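Next come two complexes, and both contain chain A; in the first it sits with chain B, in the second with chain C.
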Partner chain A sequence: MDAERRQLLDRLVALQFTAVELQLYLDTHPDDQRALADFNATVQDMAGVRELYESRYGPLLSYGFSSSPRSWRWVEEPWPWQT
Partner chain B sequence: MWVYEKALLYPVRVTRPDPRLAKAIITQYGGPDGELAASLRYLTQRYTMPIPQAIATLTDIGTEELAHMEIVAALVWHLIRDASLEELTAAGMGTYYADHDRALYFIDGNGARWTAAYIASKGDPVADLHENMAAEQKARATYERLIDLSDDPDATDVLRWLREREVVHFQRFGETLNLVHEYLSRRRVF
Partner chain C sequence: MAQVGVGEATAAEDKSFQGGELARAYVPVQVYTRRLSPAEGWKAGTIFPELIRPYAPAPRRGRRRR
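After this line comes the complex of A and B, so read on.
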């Protein structure tokens, strides 16, 4: 995996982790408007980075949550434990 | 349902084989306080939780633990994949090699297979949430000992992150327990 791809994936994973952390917090603080705004902003940022990553390197999500234009790139390596 | 994302929730960049460390870390894959046990414990307890916040918390932490299981698997894999037979044997993994070669398997650090006896599902939300808070503390303690055993900074970095997640989950389960207590006391009044 080249440096540019690695950097983009790291950005996505950082946002993904932010979303996980905010989601757990919101489960026990569903009325916290600031956390909710942070969560929704993270979702938007993630969508942009994911779209860019997937357009270059293929789908990240299975079962129809990512499309695969032109060819079936899901089978391409590396898998997460191969990098 | 669950959707797979082709990325680790935290990057694993271990490059040096270290089967001695792998033999210890594998307990967080298939041991009593490991990530498989954690995930299945929370996901199976969801059905008898009395309030929606508790169901959501168990669903989401149970799902995060599956992602942790994949991180621990990647960590163990990187530590044994390029180890020679001599290195595996010297690290006490010769018997593991006989049964599994370098495949991943759900065992603890002493080779005991994963068992459903590691998890509880009592059907009582207060008992189950206390079980989960204890489980998070036991996992935290295990990660601290694994950090003590590690002299690989890349492995230590991942172990520190996993340890920190146990602390956060403990906090969230504590808040969930408070919400359940509030719900139970309200129900008694009316």
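After this line comes the complex of A and C, so read on.
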């Protein structure tokens, strides 16, 4: 896997982790406006990075997040867990 | 402070603890101050710096007198 792909995937995973952390915090502090703003910004960043990743390297999930316009891209290796 | 285990002891508890006092657990409520960047947080296992071990010692407070 080339370095650029790895880097983009790492960025996505780190953003997802931050989103989960903020989600857990918000479970007990639902009115914390700053945490809420940070959560929303993180989720937005996450969506952007995921779109970029998937447009370059193919879908991260088999359905629900990206379309497969020309051929069924899901079966084109490597799968996300193989990278 | 969130207090866990408040409430009157039941008769059964009284019996099993032979009249001894139950322990009470206190958990400080987390306050959102600052957070690590996504990359740093992923590496550290938490985005909240105050949750990275070893925990900073709590500021010293005078003991409550009876």
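Here is the rule we go by: the second predicted complex is superposed on the first by the 80 of 83 C-alpha atoms of A that agree within 3 Å, B and C clash if a C-alpha of one lies under 4 Å from a C-alpha of the other, contacts with A are read in each partner's own complex, and residues count from 1 in each chain.
The rule is short, and it goes like this: a contact is a pair of C-beta atoms (placed from the backbone, for glycine too) under 8 Å apart; a residue touches a chain by one contact, two chains touch by 3 or more.
No experiment lies behind these values; they were computed from the predicted model shown.
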#### Entry: Touching partner for A:Leu61 - first (chain B), second (chain C), both, neither
first
### Message
Touch test for A:Trp81: chain B only (first), chain C only (second), both, or neither?
### Response
first
### Contacts of A:Val13 with chain B and chain C, given as first, second, both or neither
both
#### Entry: chain B versus chain C, judged by how many residues of chain A each one touches
B
### Query
So, A:Glu21: does it touch chain B (first), chain C (second), both, or neither?
both
### Query
In the superposed arrangement, does A:Arg34 touch chain B (first), chain C (second), both or neither?
second
### Where chain A meets both chain C and chain B, residue numbers
10, 13, 17, 21, 25, 28-29
### Task
Can you check the complex and tell me which residues of chain A touch chain C?
10-11, 13-15, 17-18, 21-22, 25, 28-29, 32, 34-35, 38, 42
### Query
In their shared complex, at which residues does chain C touch chain A?
29-30, 32, 35, 38-39, 41-42, 46-48
### Query
In their complex, what parts of chain A are in touch with chain B?
9-10, 12-13, 16-17, 20-21, 23-25, 27-30, 59-63, 65, 74, 79-81, 83
### Task
Would you pull the chain B residues touching chain A in the complex into a rising list?
1, 3-12, 53, 56-57, 60-61, 64, 70, 73-74, 77-78, 168-169, 172, 175-176, 179
